[in-house]
Amino acid sequence: MKKFVKLSAAAMLSMALGATAVAAENIKIAFIDPLSGPFASTGINGLHQYQFAAEAMVNEKGGVLDGQNFEIVPFDNKISPKESLIQLQVAIDQGIRYIAQGNSSGVANALTDAIDKHNRRNPDSRVLFLNYAAVDPALTNDKCNFWHFRFDANADIKMDALTDVIAADQDIKKVYIIGQDYSFGKAVAAAAVKFLGEKRSDIEIVGNELHPIGKVKDFTPYSRKIVASGADAIITGNWGADMLGLGKSVIENGFDGPIFTYYAAGSGMTAAFGDSAKGRVRLISQGEINPIGSEEARQIYNAFKAKYPDGNIDQSRIFNVIGMLAKAIEQAGTADDVVAVAKQLEGMEYDSMWGGKLFMRPQDHQLIQNMHVGVHTDENIEFDYDNSGFGILTESTVEMASMDSATTCKMRRPE
Amino acid sequence: MELILVNIIDGLVTGLLLFMLSAGLTLIFSMMGVLNFAHASFYMLGAYFAYEISTYLGFWMGLLVAPLLVGVVGAGVERYGLRRVHQYGHVPELIFTFGLALLIEELVKFIWGNDQVPYQIPEILEGAAFTISSYNIPAYKVFMIFLSLIIFGGLLYVLTKTRVGMIIQAALSYPRTVEALGHNVPLVFMGVFGVGTALAGVAGVIAGPVLSTFPGMAFVLGSIVFVTIVIGGLGSLGGALCAALIIGWLTTFAKAYNVRMEDILTGIGFEKPEPLWDSAWSDLWTLTSPQIADILPYLLMVLILVFRPYGLFGKRDV
Amino acid sequence: MTDISQNPQARQHGGVTLRVAMPWIVGAFLILVLPFVFQSNSAITIMNQMSITIIFALSYNMLLGQGGMLSFGHAVYMGMGGFLCVHVMNWDMFGSLPLPVLPIFGGIMGMVMALIIGSFSTRKAGTVFAMISLGVGELIAACSVIIVVFFGGEEGISGDRTYGMPFLGYEFLSQIEVYYLIGFWLFVSALLMFLFSRTPIGRMANAVRDNPERAEFLGYSSRWVRFNSFVAAGFFAGIAGGLFAISYEILTEENLNLVTSGSILLVTFLGGVGVFFGPIIGAIVFTLLQTVLSLETEIWSLYVGALFVATVMFFPSGLAGVLMMHAPAFKLGKWQMLIVPYIKTLVPAALCIVGIAGIVEILFHARHSAVGETEMTLFWITFDHTSIMPWIVFAVLAIVGFWITRKTAPDLVEAWHAATTPDEVSR
């Protein structure tokens, strides 16, 4: 009986894994992100953006090299590091050489570590890691490696730009920092303290605290403390339900200053904030949506909305990933030799359709780009989020943010 | 001083909400011995049903109809699911509810999607009811307090003054004897399960707009409901109320005041290691009470179970 | 608890008979041969995951199935063992330590944790035990993000297995070498756990599970017996954790949290708690569902949830229990009687499930796909979800399948009774 079960299990295995021999000439990109579970909406929306970007920017223009198309192959990692490593192995076995992932720095850490080891142990099937959203600074500092490229600005760069804006606002005298109790929340808090101290030593940090991640049901006690501290502004790196809960709660309990955030838009959050957060929630991001960067971007956005009426382009850098990868493959003349492609990506300058120049810094593989601070509002919004009428309107821009920032990365390159 | 008063009110709201959930669970648990893992899922269903109804008929109809619907679903689950599994014993029952919780979450995602839905509080309850120095007390919170007190009163009346209540109370303590006396215990079970889940539904309807309505809302609340009834003691409504309030205030105050481990440790005579970041104990030294506020109830439960296995007010073992 | 051990003759002889040893020989053979059948690295990775889950589930079943203790925090022991092993990998002395002995560190760590926690949690069985395990599980999972020194926060900690001392010339660079390491430990742990269940302590665990009072009257402290099982289960969970550390080279908060603890309960129950090899089947099926089904459909967890609810409702003894129900039919040599009724019932039942799944998938696609993307592929057929035909086909499949299944199910039950009852004459 046991044997029978094992055999049938085996048959299933071979069906699922064996039938995936590389059929077409497509260049495959494995998209390893949560497609089920609590973060599925972010993952699925990201997948749609990838698929759309690959179609619109590469395949409809005749592909790369001699007409090879990009194909995005989705893998559900359930936002678990363990599952991500299994899916990575499956992807590599399918002959995929490009791995895209973004949600959760924990997963990104596991992946970059595993990819580094895999590439060392298996020089025949090396892969590149296109990190489009995990912003833990360590990934391009202590934990950097040649195979990892980050297309989003890291938490420090974002905070550098954000504190530029805060420092310019003379009304802000007291700041409250609150975040989730894990590496990213701590990195945000440390960066905020550091940059505020450098730029405006007169600003008093009236609170700096961490709360358990994803466990807080009611933010009221925190809001009370924030109101009681007399803060003029809040800085938080919260995301998901923690962001929404905190934002709604502080506004409801009478806080009336700006809330500076990293991730307070899209995925239903803009709709849920609605009118209550108008002019209050501010967001640091790359890629301008309102006003839109170029006519090409406008057409792409409209086409995207026509295809996915419920979706948002809330990660416009995905289009940069596809564009830059296509350019690197063209320049390298091959898609199979990832070392050659990586060498093209290093130091690449690229004009983004969302506006501005992009520069992949060779010493740590961190993309340098313009950063924008926008406000949650319903005025002058051409492209809203969640079909709510509300969106993010750019208020200020920091050009080529942190271009010369230091890095502790000691990149080891393959010969 | 005002802040303490405000925190007491906030803690009361949290506690009463928790009580509404645990009241139904403690009835179900003590009567049928079922650790209903899906109880928080019924709370979620309440919120989603109310959201769906409120888009057509407004918030108040949602408040009225959604709990009834949840109760009907709950009774159906008991009649066609649990009763069948009951014969196999308690562990399969528990795993049934475990699987049910999974299934309900997946169904909710299937029907309403993965994102939070814009379920809003009614306009009439927007804004502050009154202010204590500079702190707003939202009108909606006052409404929540009143509604839960009314429900607690109603429940108390039904349980102590009516015939049905007497039977339920008897069945809580001596289920076999009640059956021997000729009462239709399966029917009572179904009724209690329906009412218990309906109570969870009410909690969901009123909590949905403030704690946001999303597919993970059941999991976030999940096991804390068990903690409440275990601390309070099995089958004791008063115990459930007491434990819910304790948890509400404990977590609220732990979050509202930054009690630092550093102060405690130096207070009892330890010396702070320098430099701190290099020490193996740095995590302990930098610990603050808001970080651990939400796990305090679990600590409390473990301690209570070790030293007083029948909870604060319970008469028999959990 | 298999039929073998219940056979009094086998036990009277005392020695190891071929019948007792046969499943183990077959098992060892399968472990050796499977990588030749599935050679791809991903298949081997999935088999590694299966093996780890099998050890973990077997260890869990020492509590649930053999000791009657329902735990909601078993991931703690596996996770702690794994974390220690990753720390060992990062020590300098790791260079003089052959990798295959690493899981022992994990086992000892799991055992130490079980010693500490078991000292107060095993005083009572039932709900008290379950709730303490839940509380302790939550506390330690919460600690894992607070105590960064040991747990590394949400990023976890990682190591490199290849820094260990080469063992017989192997450096464990490739998946296949790791597979045999894990396979070896799988065999040894499973055998040890099986033997544990045959020792007097293991037997007493069953007695305490079934009736603690009577066990006490016999002079056994039921608390002591539970404590023994608990510590042993902690040890093997720690071994599983050590193997996890070797296979993935990283441990994170997810190894400790409630989701992992809850899923191992589901795995064990799905396989069947009443039979020793039940959790093995559960682990294999669950790992396949999780890794392979999720490649095929986005709503895989909906199916998994439905499967669990259906299993509890209709087969409370799990998959292994269903298999064991047929043992008498094989013994009596009347299993042929079952073939035709099975075909008559299972084929329509399968069609019914295909029909329902088809409708669910079409609904899902219709709701969530991009505008204009009406084409979808299901069961290797590509069609348009706006046309009415597929709906009708799947609806008909579902309804007709259901109807036939209901019609033929009583015949199946009857045939099963006939096949499992000894003939009057032959007796």
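Order as written gives the chain letters A, B and C; numbering starts at 1 within each chain.
Assume contacts are C-beta pairs under 8 Å (C-beta built on N, C-alpha and C of every residue); 3 or more make two chains touch, one makes a residue touch a chain.
Predicted model only: the values in this text are computed from it and were never measured.
For chain pairs B-C and A-C, the one joined by more C-beta pairs in contact is A-C.
Averaging C-alpha coordinates per chain and comparing to chain B, the farthest chain turns out to be A.
Separating the centre of chain A from that of chain C, both taken as means of CA atoms, is a distance of 35 Å. Rounded to whole angstrom, the centroid-to-centroid distance between chain B and chain C, based on C-alpha atoms, equals 31 Å. For chain C, residues that reach two or more other chains under the stated contact definition are 142, 146, 299, 301.
Touching of two or more other chains is recorded for residues 44, 181, 212, 215 of chain A.
Contact of a single residue of chain B with at least two other chains is seen at positions 291-292, 294-295. By the touch criterion given at the top, residues 38, 40-41, 44, 181, 209-212, 214-218, 220-222, 224-225, 227-228, 241, 244-245, 248, 252-254, 267-269, 271-272, 274, 386, 388 of chain A touch chain B in their complex. Across the complex, chain C is touched by residues 1-3, 5-6, 9-10, 12-14, 16-18, 35-37, 44, 48, 75-76, 78, 80-83, 85-87, 89-90, 92-94, 105-106, 109-110, 113-114, 117, 121-122, 136, 181-183, 212-213, 215, 306-309 of chain A.
Partner chain B is touched in their complex by these residues of chain C: 64, 70, 72, 120, 123-124, 126-128, 130-132, 134-136, 138-139, 142, 146-149, 258, 262, 265-266, 269, 273, 299, 301-302, 304-306, 308-309, 311-313, 316, 360, 364. Looking at the complex, you find that chain C touches chain A at residues 23, 26-27, 30, 34, 37-38, 40-43, 45-46, 49, 142, 145-146, 153-156, 158, 160, 162, 173-175, 244, 248-250, 252-255, 277, 280-281, 284-285, 288, 290-292, 294-296, 298-301, 319, 323, 368, 370-373. Interface residues of chain B facing chain C in the complex, by the touch rule stated above, are 35, 81, 84-85, 88-89, 91-92, 94-96, 98-100, 102-103, 105-107, 110, 222-223, 226-227, 230, 280, 282-284, 287, 291-292, 294-295, 298-299, 301-302, 305-306, 309, 317-318.
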